[in-house]
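Note that the chains are named A, B and C in the order they appear, and that numbering of residues resets to 1 at the start of each chain.
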Amino acid sequence: MRSEIIQVNTGGRARVCDLTPDCERFVSDASDGLLSVFVPHATAGLAVIETGAGSDGDLLHLLDGLAPLDGPWKHRHGSPGHGRDHVLPALVSPSLTVPVLAGRMQLGTWQSICLVDTNLDNLDRQVRLSFLAG
Amino acid sequence: MRSEIIQVNTGGRARVCDLTPDCERFVSDASDGLLSVFVPHATAGLAVIETGAGSDGDLLHLLDGLAPLDGPWKHRHGSPGHGRDHVLPALVSPSLTVPVLAGRMQLGTWQSICLVDTNLDNLDRQVRLSFLAG
Amino acid sequence: MRSEIIQVNTGGRARVCDLTPDCERFVSDASDGLLSVFVPHATAGLAVIETGAGSDGDLLHLLDGLAPLDGPWKHRHGSPGHGRDHVLPALVSPSLTVPVLAGRMQLGTWQSICLVDTNLDNLDRQVRLSFLAG
């Protein structure tokens, strides 16, 4: 299995960061198999959504409503809202698997692989890409 | 890796479509390995739930409550509610991996693999099944 | 592919059970590859969260708010709230894939692999661990 870490700087605000170009590059020399995308952080997740037409903002707004920053979170380390960030990965999983054929991810036309990160206390994030050939 | 696409017609209403028979057939000649189920659409997801006892309707009702059709979605292409459809895959992921032993998925008794699709603008859907032997 | 089932007793209350030690042991002799964690039950899921700082309780509280025990669930078998338990796996998936290098899961410092189980009618649960080398 081939595996590498990419670095993402989220810039200090809640973000939906498109990782698709990094994933495309990572599998471009590959054959057929499964791409595993994995975020080794406890306050971020991965979503496969359309970007650039408003849905990235819609998703952050949805998450603010489902798990409000000022909710009665017991986890109170870090900045306000950090307790909320810690339940996010239960709804938006940090693990994703994508089929790859002849070095191309089999995504749909409007799908992008996105890091969803509402944590404002940690701007330098890692994402692990792994490819298992088959 | 063996991979194929199956076609699903959702019939023009929000649907939970049971894909289990298709998945069973796809792996029936396989040995041990992982089945990847992947939906190449930006407005649908996959859930492993019990079907036939009301939970499929319960799930659609739940999603209508969490992400209402008439919410303040910025994504406003397509029919009313299409903005909601575009955040669905962040909560109900389009990617699922199921362990297979001797050609049989290791599902529990009451588990079915289901396409969750609330998009009324695209009735002809595809689902990619891939099997990685190990 | 190597595969085994572990047993978990949830003790008769809603629980977030840390499976990380079991997963670590399972892959400790492995090389590189993907670990598949799969719950063969229709009323439980898997989350990768921090444990021990309040987020496990926060998650159960969040789920109680998103999908209330006394909601208008059509699925009415079992104890009160069982209809709610049956939609949980659509939000908290029973399937998870984790990259493994040289016998070590590539989790982040604060990540634990957890069974999320709100079902009070079935205390003896199984979780399937499978490792696909690559």
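Convention: contacts are C-beta pairs under 8 Å (C-beta built on N, C-alpha and C of every residue); 3 or more make two chains touch, one makes a residue touch a chain.
Since we're looking at a predicted model, the values are computed, not measured.
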Looking at chain A with chain C, do both copies bring the same residues to the contact (over half shared) or different ones?
different
Chain B and chain C are the same sequence; what rotation (0 to 180°, nearest 5) superposes their CA atoms?
120
Measure off the straight-line distance from the CA centroid of chain A to the CA centroid of chain C, and report it in whole Å.
20
Touching two or more other chains - residue numbers and ranges from chain A:
33-34, 66, 91, 93, 97, 132-134
Chain A contact footprint on chain C (complex, rising order)
32-34, 47-50, 53-55, 57-59, 61-62, 66, 91-93, 96-99, 101, 106-111, 116, 132-134
Considering only the defined contacts, which chain A positions touch chain C in the complex?
1, 3, 33-34, 36, 38-42, 66-67, 71-77, 83, 86-87, 89-91, 93-95, 97, 128, 130, 132-134
